[in-house]
Structure formats: structure tokens, C-alpha cells
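What follows is a group of structures, each given as C-alpha cells.
Across the two complexes that follow, chain A remains constant while its partner is chain B and subsequently chain C.
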Partner chain A sequence: MPEIRLKNINKTIEGKEILKNISLRIEDGLFTCILGPPGAGKTTLLKIIAGLESLATGEVYFGEEDITDLSPQMRDISMVFQDFALYPHLLVYENIASPLKAKRMPKKEIRKKVKEVASFLGIDRLLDRIPKQLSGGEMQRVAIARAMIKEPKVYLLDEILVNLDYKIREEMRSELKGIAKKMGRTIIYATPDPLDVLSMADRVVVLHKGIIEQKGSTKEVYTHPKNIVVGGYFGFPEMNLVDCVLKRKNNKLFITTDELTIDISEFKEKLKERKEKEVILGVRPENMNIATEAVQKRGNNLVKGEVVLGEVIGSDTIVHVKIGKDKIKIFVPRIYRVPIGEKIWLHFNTRDIYLFNRQTGECILG
Partner chain B sequence: MKKLDAWVIGKFILLALLLFVFVFPLYWLVMTTFKPGVDVIEFPPRFVPSRLFFENYPRAWTEYSTSFLYRNTAIASLVGIALGLLIGIPAAYSAARFRYKGRDDFMFFILTTRFLPPITAAVPLYIVFKSVGMLNNVFALGILYAAMNLPIITWVLRAYFREIPIELEQSYMLDGHSRLKAFFKIVFPLSWPGIAAVTMLSVCFSWGEFLFALLFTFNIHAKTLPVKVAEMQGDIGILWGQITVIGTIALIPIMVFFVIIQRHIVRGLSFGALK
Partner chain C sequence: MAKVFLKNATKIFGKTVVAVNNLTMQIPENELVCLLGPSGCGKTTTMRIIAGLETPTSGRVYINDQDVTDLPPKKRNISMVFQLPAVYETLTAYENIAFPLRCQNQPREKIKKRVGELVELFEIRKEDLETKAMRLAVSDRQRISLAHAFAIPRNVYLLDEPLSNLDPKSRTDLRIKIKQIQKRIGETLIYVTHDQSEALTLADRIAVMHEGKLLQYDVAENVYSNPTNTFVGWFLGNPGMNFVDCVYIRRDGKRLLDAGSLKYEIGDIKGLDEGRELMLGIRPENIDVSQTKKEGWIPCECTYTEVIGNRLLLHLQVGDIVVKAKVSADLPVSENKRVWMNFPSEYVRLFDRKTKNTIS
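Presenting the complex of A and B:
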């Protein structure tokens, strides 16, 4: 299977720059997520790969072959759209059979293949229905079946979990990963949801306002965000960001706000070239703990805050805490009931903090 | 309970009134065809003929070459509708789906052709038609009707095509089909209610068009039913019996057409929400 390469892609639609100088290599056989907020240009990028959007500048390659001007029907690609794009006037069977009809396959063979794919996805009992009679999850399976039956080299999935309810979305995440593994094909999945990336992707490309902010393995991008856009967006719950000042005193290095002072002298060497004073401290909610008494006694890297909300999500809790004028979130991997207004001590390890330049957003530590 | 009764009665009265407004002219038209001459002009008017008089039918059919008029009207209307749809559907599709410079200006230009009252275009069009030898030609009249139908077809269908998610076509193309096939297999069936609606509107306009038919046709080879009906109000009086016969038989194909196409509109809408 070939890799996909995008070279210097720019796309403007009705005077609005959607993609700016995108160059990207998507490795074959991997599950790559394009992560970005709504309006980042994810769908446009997928449509360019599919050949559904024309290009004024830039090139698209499949391996060594330049496919920039190749029509969508000639590309060996299947795409599942956000709204699934099932043909509402055709039966589920006809929807799934459509790619095979385009190949002019004999009817008998079409029937056999449709049944195979439908039973693989557990939708064989739905073949005589029309899309209107299906639930969201069923629609999605039909759309995936239609994509799978073509047996393309590349699958493009555009926010296909967004319209599903929470429970089905959870189920589909693990199922999709399983299907992807079984097929062993290149999958490019556009999503605004960091959880999709964390649970499924081998690689991630963070797209923001038409620019690739960072690309790499999921782990690498998550642990080493290049800037505040990536750090702030890629994570669930999102990273806590607090305006701080970097201070050097008595050969020591601190970050301070009105409420807290953290000694980060261990990073003195790493930061000795940095001139900036105004920084943003980033701490992921899962890297903060509610301090036990023992930890409180040790007294390092502690900060006192007031609970403003305890949000129970499934078997986890996100505790919202107010520290001075800042609000931060702490992820507690269990159901944790704490009264609103209670004062608690929070602890975090300096190993897990990030520092960003407040002007440029560049990550200077982490 | 009393409140409900009053509401139901009120609704019935309103419906009865509406029915009367719409159905009574039709009743009067058909009933007049069966009235002998004296009954028509009698005052106070007779709601039921004094006797059933069938003579109006053969007279109207033979004396005024109604079959020719019928044929002319049908040809002009069919050409007007078919040509209008043939040009209007691709125009609407292109305006709905493709991004190109001047698209919206082009659409506005199409609309401006309906800004002026038809009479203002009549003289220039007459000169043009005369210079190319297309006066008194039923097909030429059809072309004119197509031009008149075009703005409504293009504007209504563009709105309709825009309602159909582009992803349906794109998905079909990614299945391996051509854009043309995507149009005929996906867009066309889904926009059928819209196409049916503009066809209805075009039929209404073309079948009953009077002004251009009057100005551009001179004899039985090209004259249409509305023009002939107008001519029947002559020196010897108004031939109400024959006029209403022509009106009645002119009505039959339209009514049949509407009944058929209305069913399609309902069927098309029952596919449900597209998005």
C-alpha cells in the first residue's frame, strides 16, 4: 500500500483561506487522526485527498504517483461522511452495493459480498430497510459497510462518531479500532474530539485555522506539545493553563502567580537561554492530585483551592477548583464526592508541568 | 366540549366557503356547456339547465377546429416545459453546486427577465421572431414559453438542489460513479418533488398564456386555445356555450396532469428529511 503525501497545499473557498501551505506524509497501514476544532479545515483536507475539492496550488501523491488531477472515482479511496451520506431513496442493500455496481460486478457476486460485509458488521437484518428507518449507530455501520465493500487502499472517516450518543460512541471507538486492525489499511480520521485520538490513533496531525500545528505519534504529540494550541486542545479534559511569571532569585528558578510559587530550579539549565518572563503554566488535569495528609505534610508544590463543581463522568470525576482568579480542573479516576465550597490542597509533580511563552505560545518546557 | 363544537363548526363553514370559491366556477363552466343559449343569458341565472343540451360539444369541436387548437396549445406548452427544464435543471444545478465567478450575478440576471411586464418585451421579441421567420410557428411559441419559464425553474430548483447534501453525490462519486450518473441516480430522484412543482407552475403558465400567443400567431396552424376563446366574442355575440366547451376540454388534460404529478410530489416528500 502506498503512503499519501500532500505537498504545499493551499485552499481558499469564497475568499476564505481554509488550508495554508499544508505538507504532510501519511504512512501506509496506520490509523492517522486529523485533530482540530470546528473550522480547522479537517473536512476540506480529507476532501482534497479524496479528490472532491480542486486545488489551485499543491500536489497530492499516492506513493510516487501524482494524483492531484485524478477524479474521485478513479482514486482507490472510500470516505465515510459525518452525516453518513446514505442515499435516502435507496435500500440499505442498494446503498452498500453501490461501489460494486460501479465496478459492474455480476449481480450474484454483489449479493454475496453485500451479505458478507453486512454480517461482519452485524447489519444483515437491515438490508431491506431504507436509511430513514435506521438508528444513528445502524446508519454508521451501513456507511462503513459501503466504504469497506469497495476494499480501497485508503479510508477517510470524517467525524463519524460526532453524531452518535455517548454510549454508542464509546462502543464504536473500540469497534472501529478493531475493524481498522483487521483490515490493515490506511485510515485517516478527522475529529474534533481528543478522546477519539487517544483511544484509536497511531499518528495524529493537529490542525488549527488551516495550519498544521504538530504531527507525530499520538504519544509523542500528547507528551510533548509544540505549542499552547496543541497542548491546550489535545487532551481530555483539556490542559489547565494559568498565566505565570518566571522569576530567578538566589540562583533558583520559580514560577509565580498571586496564589502560588513553584520552585522549578531543576529546569534551570534547560531554561537558562530563555529570556521571557511572562509564561503560561500548563498542567494536565490527570497530573494533579488532591493532596493526602502525608503529602500535605511534605509541603512541596502544593496549592490551596476552593471546589466549585464536582462533575461525575461515568466512573471518573472532574473536580473544578478555583485558585485565586483562575479555575482549573482535576481528573480523579473514581467517583469523588466533595462539597462545593470546600477548601482542598492540590499537589502536582514539576516533572509533569509545561511552560509556554505567553506571546508566541511556543512550548519552552515539557 | 362546547368550545370544541364551535371550532369544528367554524372549520366546516370555512372549508365550505373555500370549496365554494374554488369549485363553483368549475361547476358553472361545466354546467354552462349543457345549457341551451337562452338559459345562459337568463336572469336571474339558472344554476341547473332547463334541459340538457349536448349540441355545444360537436359544434365547438368542428366549427372552430378545436383539435388543431388543442394540438397547438399542447405542442407550445410541451416545448416550453421540456426546453425550460432541459436548460433550467443544469443551470440550477451548476448555480447550486459549482463555485465560479459571477455565479450570483448570473442568477440575478436570470431573475431580472421577470422584472419587466411581458408587454414591454413583446415588441422587441416580435421584431426578432419576424426577422428569423419564426412568427406564426407553434414551436417558436414554445421556445418563448421556455424562456419565460426559465427563471422560475432555475430559482426554485437551485434552492432545491442546495437542500440536497453535496456529500450524497460526493459519496456516490467515490463509490466509482461519474458525476453525471450521480446527478441522475441521486440528485434527480431526490429533487423530483421540486421538479414536479416547477413543472406544475410552467404548465399553468404555458397552457393559459395569452399575450404572446395572440401577438405571434395568426391562423389555425399556430393559434392556441386561449386566443381562440377570445376571438369567439365577436360581432354575432358571445358564444358562451362553445366557449365553455373549449374551456372544459382545455381543463381536462391539466387536471389529469395535476392529479398525477401531485401524487409524485407527495411520494417525493415522503423520503423524509435529507439531512
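Presenting the complex of A and C:
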């Protein structure tokens, strides 16, 4: 199976620049997520790969073959949309079979293939129903089945979990990852949700205002964000960001805020070339802890705050805390019901911090 | 401030669709109660019965000990917020919020002051106040419907999935607001949601519904830690509780839960007969996992690892039994490796295999 390459793609729709000089290689057989907020250009990018948007400048390659001017039907690609787009009056069976009917495949063969795909996705018992009689998760599976039956080399999935109930979304994530693994095909998945990426993707492309901010393996991009756009967006919950000042004194290095001073002399060597003073401190919520008494006694990197809300997500809790004018999130890996207004001490390790230049957003540490 | 009592409420649509099935529940005053369940479980119908938008086929509804079953909605002194913001599109944000106050003929100055309070409470942008509601974003319109609903004191506030259609950021913001407001004004609030996270975040008390029936109604901690039924155990949590079919037996003076390839030693349980068919339930985050052998722990194989956010979900297999354990993403476990797991006894729950109900 070939890889997909995009070369110098620009796309303007109704005078608005949607994609700016995008060059990208999508590796064969991997699960790649295009991550970005609404309006980043994710859907447009998928449509260009599918051939549903024409290009004024730039090229699309499928392996060595230039497919820029190839019609969508001729590309070996299936796209699934957010709103499923099932035929409401047709049975599930007919919905899944429709791409093969259009190819005029013999009925007997179609029947065999529909049965195979349906049993692969666990929807064989739904074949005689119409879409209205299905739950959201079931409809989504039917839409995926219809894409799979063409046996394309590449799947383009556009925010397909967004409209599902929370519980089903969680289950579908795990299921989709399993399906992808079993099929071993190339999947390109557009989403605004960092959890989708963290839970499913081998590779991530962070798209922001039509520009690729960073691309790489999920772990690499998560651990080493290039700038504050990537660091601030790609995480769940998002990274805590606080304005700080970098200070050098007595051969030591500190960052200071209104609330605390942190000794980061351990990074002195690493940061010795850096000239900037105004920085942004970033700490991921999972790297912050509610300090136990023992930690409180040691007294390093402690800051006091007031609980705004303990927000449960699945079986974890995000504790929202107010510290002065800043709002900080802490990730607690269990159900933690903490009273609103409670005063708590927060703690983090300096080895887990990120620093960004406040003007350029460039990541200078982390 | 009011308490609400539903007594044997049943709602049948048409001849056969039982939306709510013989539901009895007491909602204490000043609490935030969540009606939680999957689509079609009857939670919205239950709320509409309390509001007076549906008449129960049988059963009664009481607000503050007064039978309101036959009273129309407007005589019940309640307010409601729905999934889609219900605002007067052609009125400005200010006029929308002021509307319930105007209906009471309150003096202009008093209205202005109250609207000011509400604007601050729900963090509505001042510049939006003179904008017509139809020109505002969904999340801003929902803030206005909430302000409208809380404008004057009511017996009960009914909220039906008010945050489901919002972007994640606004959803978190408004969760915080709703919880703060309920704490501050201390009113009775009934909140319908399909999202277990939302229920655990907001509720003092959770009513879990399934197929029209009330399965469990208890303080939030208990619903999560001590589910009365396997459905509740599965529905709450991500992923939900693990269940392992097993039989209660005695061997060599020990009492065991025998699941074939897995045996779990357990204390004496009164009233439990030998041979009773059970299900052992344990939540994924409560399973301990070790890479090295530990005395008394269960050897198993890690067949699959899944990342969930910043946590790791392990599929652990013993014979034909698979359980999921949620551990720190730092744990260096890889697939097809032998590991040891432990079910701490304080987290083990037992259910009857036929009724699916808990055994206390």
C-alpha cells in the first residue's frame, strides 16, 4: 500500500485562506489524527485527499502517482462524515450494499460481502432495520461498514465520534482502534478532541488556522510540543499556563509569579543561551498533585489554592483550582469529590515543567 | 425551596410503550438530584411529569406535600431549561433575562439590579445584553436561558441536558456555574443527563434509570462505589466495572469464588449458600498490577494495552477470563507479557448472576 503525500497545498474558499502551504507525508498503514480547533481546516484537508475539493495550487500523490486531478470515484479512498449520512428510507443492508450496487457487482457477491463486514463490526443482527431504529453508535458502525465494503486502501474519518453519547463515544474509541489494528489500513481521522488522538493515533498532525504547527508520533508531539499552540491544545485536560518571569541571581535560575518563586537551577545549562525574561510556565494537569502533609512539610514548589469544582470525567477527576487570578487544573486518577471552596496545597516537580517564550510562543524548555 | 415526591408514577405512551415504570422517589429540598441513564430510559419523561408537561398514566406527584398531579405547569412555580436554548429570539439578551421579573410587575430599578446580578453570576458579556438573542452563539443563548430560569425564586428548577449541545469549554464553564449557584442559593434542582461524568460532578444524589425503571437512587459516592445492579456498575465509570462469572464454594476450610481459571479467596458471607452463581465486580482503576511476582496475586497475561487520555488500560487474561485494569501511563507494561494482578477486597462487589442485583 502506498503512502499519501501532499505538496505545497493552498486552498482559498470564498476569499478566505483555509489551508496555507501544506506539505505532509501520511505513512501507510498507520492511524493519523489531524487535530485542531473548529475552523482549523481539517475537513477541507480531508476533502482534498478525497478529491472532493479542487486545488488551484499544490499536488496530491498516492505513492508515486499524481492523483491531484483524479476524480473521487477513481481514488481508492472512503470518507465517513460526522453526521453519518445514511439513506433514511433504506434498510441497513441496503445502506451498506449501496457502494457495491453502484459498481454493479453481482447480487450474490454483494450479499456475501455485506455479511462479512457486518459480522466484523458486530451489526449482523441490524441488517433488516432502517436507520431510524438504530442508536447513534449503531448508525456510526453502519456508516463505517459502508465505507469498509469498498475495501479502500485509505479511510478518511471526519469527527465521526463527536455526535455520540459520552458512554458510547468511549466504547467506540476503543473499538475503532481495535478495528484499525485488525484492518491494518491507512486511517486519517480529523478531530478537535485531544482525547481521540491520545487514545487512538499513531501519528498526529496539529493544524491551526490552516497551518501545520507540528507533526510526528503521538508521544513525541505530546512530550515535546514545539510551541504554545501545540502544548496548550494537545492534552487532556489542557496544559496549565501561567505568565512568569525568568530571573538569574547568585548563579541560580528562578521563575517567579505573584504567588511563588521556583528554583530551576537544574536547567541553567540548558537555558544559558536564552535571552528572554518574560516566559509562560506550562505544567500538565496530570503532573500536578494535591500535596500530602509530608510534601507540605518539605515545602518546595507548593502553592495554595481554592477549589472551584471537582469535575468528574469517566472515572477520573479534574479539580479546578483558583490561585490568585489564575485558574489551574489538576488531574486526579480516581473519583474525588472535593467540596467547593476548600483550600488545598498544590505541588509539582520541576522536571515536568515546560517554558514558552511569551512573545513568540516557542517552547524553550520541555 | 421545595421537596418533590413521586409516588408509583407510570407513564405509558400509546398502548404499549412504558416510558416510566412505577417510579417512586423523594427529592429532598435544597439538593441537586441527577436523573441519569442512556437515551430512552425515561429520564426526560420523569422530569416532564414533575413539570406537569406530561400527566402520569397512574401515580401521583407532590411538591411540598401538595398533590400537584392535576395542576398545569404554570401553577407549579417551577422553571425549566432544555438542551436547545429556549429564548425569545427577537428580544435582546437583557429583555430575555428580565422577562420573568416584568411578568411580576417588579419596579424597573429592581429588575435592573436583579438582571445585573444574573449577568455576573452566569458571566454573560455586557456587550451581549443589547444584542438580539438570535444573533448570539448557542453557548451564549444557553447562558441567557439559565439566567432567565433563575431570575425569580422557584419551588424547583428542572434542567434537561442543558449542556449537551455546547462546546467542551463552555460546558465546563457552565458546569462550574450551575454547581456554584446551586450551592449558593441552596435550591432544589433536578438535572437530567446521559453523561455519567456530569452526574458525578454535579449531583448530591443520583437516580440511575434504565428502561423506565429506577435502578438505584442514592448519594453520588454510593452509586459509584456500591452499585446495586450490574447495569449501574457498567454505566458509571470509564470503562465501567468488570464482571466475572463465578461460583461460591468452600475448599480446604477456605471460602472461594471459583471462576474456573481464577479463584478468589473471600471471607464468610452470611446467608450465601455454597454453589450460588455469582458475578464478581471490580472497577478497572481498583485493580493492582505488578510486573513482578507477588504472593497471593493472580498471574495473568497482558494481551492488549490501550491508552485512554493519560492513563493506560490493560486487558488482562487468565484462561478465558479477561478483565480491564486502568493504571498509570508510566507503568512499563507491554503486550503479551506476564504480570500479576490483585483485587483488593475492599473494592470487590458481588452480584447475583440471575437478577444482576448486588448481594450485601
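Side notes on the structure shown:
Here, the second predicted complex is superposed on the first by the 365 of 366 C-alpha atoms of A that agree within 3 Å, B and C clash if a C-alpha of one lies under 4 Å from a C-alpha of the other, contacts with A are read in each partner's own complex, and residues count from 1 in each chain.
Just so it is clear, a residue touches a chain if its C-beta (ideal position, glycine included) is under 8 Å from a C-beta of that chain, and two chains touch if they have at least 3 such contacts.
Fair warning: this is a prediction, and the values are worked out from it, not measured in the lab.
With both complexes brought onto chain A, simultaneous placement of chain B and chain C is permitted, the two fitting side by side without a clash.
Using the contact criterion defined above for the overlaid structures, shared-chain residue A:P333 touches chain C, although it does not reach chain B.
Rounded in steps of 10, the angle chain B-chain A-chain C defined by Cα centres in the superposition reads 80°.
Of the two partner chains, chain B is the only one that A:K47 touches; chain C does not reach it.
Using the contact criterion defined above for the overlaid structures, shared-chain residue A:S135 touches chain C, although it does not reach chain B.
In the superposition on chain A, contact of A:A85 is made with chain B only, not with chain C. By the touch criterion stated above, A:E278 is placed in contact with neither chain B nor chain C.
By the touch criterion stated above, A:E170 is placed in contact with chain C alone, chain B being left untouched. Residue contacts after overlaying the shared chain place A:D243 against neither chain B nor chain C. Superposition on chain A leaves chain B and chain C with their closest Cα atoms 14 Å from each other.
Interface residues of chain A facing chain C in the complex, by the touch rule stated above, are 38, 135-136, 165-167, 170-171, 173-174, 177, 193, 195, 198-199, 236, 284, 286, 308-316, 320, 331, 333-335, 337, 340.
Listed in rising order, the residues of chain A touching chain B in the complex are 13-14, 47, 50, 52, 71-73, 75, 77-79, 81-83, 85, 87-89, 98-99, 101-103, 130, 132, 146, 150. Those residues of chain C whose C-beta lies close enough to touch chain A in the complex are 38-39, 167-168, 172, 175-176, 179-180, 183, 194-198, 200-201, 220-221, 224-225, 235, 237-239, 283-285, 306-311, 313, 326, 328. Contact residues on chain B toward chain A in their complex (touch as defined above): 99, 165, 167-168, 170-178, 186, 189-190, 271-275.
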